[in-house]
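For clarity, chains are labelled A, B and C in written order, and residue numbers in each chain start from 1.
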Amino acid sequence: MPRLASKDVLRADQFTKDEIATVMELAREYEKALKEGRELNVMTGLVLSTLFYEPSTRTRLSFETAMLRLGGQVISVAEAKSSSASKGESLHDTIKTVEGYADVIVIRHPQIGAAQEAAQATDRPILNAGDGAGQHPTQSLLDLYTILKEKGTADGLTITLAGDLKNGRTVHSLALLLANFSVRFVFAAPRALRMPQEILDQLRNKAIAVQETEDLGEGLAQSDVCYMTRIQRERFDDPAEYDRLKDLYVLTREQVEAAKDGIIIMHPLPRVNEIATDVDTYPGAAYFRQSANGVPVRMALLALVTGRA
Amino acid sequence: MPRLASKDVLRADQFTKDEIATVMELAREYEKALKEGRELNVMTGLVLSTLFYEPSTRTRLSFETAMLRLGGQVISVAEAKSSSASKGESLHDTIKTVEGYADVIVIRHPQIGAAQEAAQATDRPILNAGDGAGQHPTQSLLDLYTILKEKGTADGLTITLAGDLKNGRTVHSLALLLANFSVRFVFAAPRALRMPQEILDQLRNKAIAVQETEDLGEGLAQSDVCYMTRIQRERFDDPAEYDRLKDLYVLTREQVEAAKDGIIIMHPLPRVNEIATDVDTYPGAAYFRQSANGVPVRMALLALVTGRA
Amino acid sequence: MPRLASKDVLRADQFTKDEIATVMELAREYEKALKEGRELNVMTGLVLSTLFYEPSTRTRLSFETAMLRLGGQVISVAEAKSSSASKGESLHDTIKTVEGYADVIVIRHPQIGAAQEAAQATDRPILNAGDGAGQHPTQSLLDLYTILKEKGTADGLTITLAGDLKNGRTVHSLALLLANFSVRFVFAAPRALRMPQEILDQLRNKAIAVQETEDLGEGLAQSDVCYMTRIQRERFDDPAEYDRLKDLYVLTREQVEAAKDGIIIMHPLPRVNEIATDVDTYPGAAYFRQSANGVPVRMALLALVTGRA
């Protein structure tokens, strides 16, 4: 098994295409083992510490499950804010302390760059589970894993990213990660919530075709994958603008039926109302499978960064 | 080992008498194994998720211990309210997510019917750890287990349920569960907090004898079991009525000494002041043993619903 | 392996010199096993319950890691206040309940004597993880372990305790524990935050030499160990007094370089600003190693009180 160049997982764009393939392949192997009920002892004797400065049941439980299913153990800080940080301790010092307890650390923090700062404080592997408006690389990897699993390959696909493309770290990271493949993007977003120019520039440099539109339907008609995100009223200066647009980005069963054959629908969850619940029974509604894919992908990452795989 | 008809544990009245016997027998077996320090690997490789939308140290720890003592692992959400739910996610979606992580889910929720709703969202077994004023079936099963263990059998017993019989889900469920045996009830409660007519009707349909009284002493004099619950001042419209009654439902050592020989005292805990602390040394004070019985009973339920027993 | 006289760990001054040696020796053994990656099954089948009425990530995670690294399992209450206690349950009743779930209990509580009260309620071993302004014995033992590990022995050492010596339970307990060895103390503190007379008397009774000063430099010049604690503005009636003194108790790299050769710097953490961060790279800066020493020391205590070592 090839090693990852870095023991930390901080950014979605840190991986070479080979490294991505390594993670995907190992995740597939672990998913198979889970399905067959095979017991894994890959992480026996190792302890993971989760350190969540923002609550996130989904991501925390997914990492904890991943560690336990590999035979490891977990110590968990679901609400780090209420503890040492409130006594004035720096993130550096907290990490220096936790490195005395755990072999690998998963951190979620409201500030951009916090995971990077944590990684600089310790030799233990740090996995970034979201640093504010920054990165959420394990989400992007599980998104990619989902696309590969549902569609067989990413190459040749047309992929719509829809909703709030300005503020969503998820769609930024995913776009950059998918730029390793021969994909074509449709970015469907209100003018006020367009994909940032910086991301568009990076994609152009990699010769990735991008089509921008305000009309989600335009994306649905031609895409193999539609990745929905939520639009929040508070993002708009002009409430009338929100009212004009909001229904355009609520995916209905009708729209799905009218979309390109075989389209899969993804969402990082939690969903509020941006996908109608009657879409859930559409066979291509992949968002709950996507969420479950977090377990094998995080198993792979945990095993790789600790050198156990 | 006979299987349970349902993989979910949602209501105390869902069980046939045979199923109840199965749970009790398996719980006894597990309790014996625990006493002998035998290691159990019944749940090896399985993960339990607790999901508590209301805090409950007792019930959560009891389930988590049960899972760990069977060789399983646990992911835990002690304060579910502060997480995904606060971002507007539906219970359905939360359960669809957690089913991707865990093999069995224990839920406590403030709303009646929440556990049922959770069970409809997933094929994973759901165990109801209390849904508001609704049901708390695992409490009733451990109550029954306690009676069987302390008295040998439930048949032929006279059982007093005392205190707030109107609002207590615990006493409602227990009354219905005990209706599977040849018991006789004394319901000792203030007029304002009487057992609901609906429960009385169900007991009459099963030909269970019920005597209602305001006088706890009347129950103590003739009962083999006295199950105390707390009366709260805020339940009374008339404070004078509360003052008149409150001491009648605080069990003293004196009252216990004057009660029927061999009477056992039970309480779902937490106790505030409704049982005087000098009752604790009375040999029939069973409430802490009752609490500890939660472990083997929940072990049995976890093993049965996952098909591991 | 000699047993401890008490199954509880409540006070730093409860241990005989032999018992201290037993704990230190076993901790060294466990530290070695951890370094070599040897799997330990000392606590297999046992469950630890942590019960924290005050948040403390450091101490809780340290105990949980210790238990997991010994092959045991953990049930965890990070915020006990929000649970049964808020429903009016007494500490006694909570402990009687938790003894039904766990084999050993670690408690942190804001009130002096709470751990003692817990120990009286149960036959399960209780480990005091801090009871308000009272004791924090496992901290003192890991402090001692650090001194022994860094300096080879405590005998013959001059040890400065600096900062707020009046209010810090850590320095009180450590002073009394070190009184088992041939040490000499320098107590460097503002007049208003002097070491309490009661502690000074106990040290005099044991013929331990003590020098009191307001000048931290005086301690640094002659000491083999400098143990820093934080001075808080709110401890001073006279703000001018605080302003006069505060910089005297902020340890700089310059001061460390001018101190006695080979001096080690300790701190119970969390640090706010009382040790400048450029001290971290000084080889004798032992505070993060000290924090990590909590794991083997607590492993030793857990194994000893449960009779597994």
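The working rule: a residue touches a chain if its C-beta (ideal position, glycine included) is under 8 Å from a C-beta of that chain, and two chains touch if they have at least 3 such contacts.
All figures in this text were calculated on a predicted structure; none of them were measured in a lab.
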item: Groups of chains joined by contact, in the absence of chain A; value: one piece
item: Interface composition of copies chain A and chain B: same or different, split at half; value: different
item: For chain A paired with chain B, centre-to-centre distance based on mean C-alpha positions, whole Å; value: 41
item: Residue numbers of chain B (touch at least two other chains); value: 76, 78-79
item: Sites on chain C touched by chain B in the complex; value: 44-45, 47, 49, 73, 75-80, 82-84, 86-89, 92-94, 96-102
item: Residues of chain A defined as touching chain B within the complex; value: 37, 39, 55-58, 61-62, 64-65, 68-69, 74, 76, 78-79, 269-272, 277, 288-289, 291-295
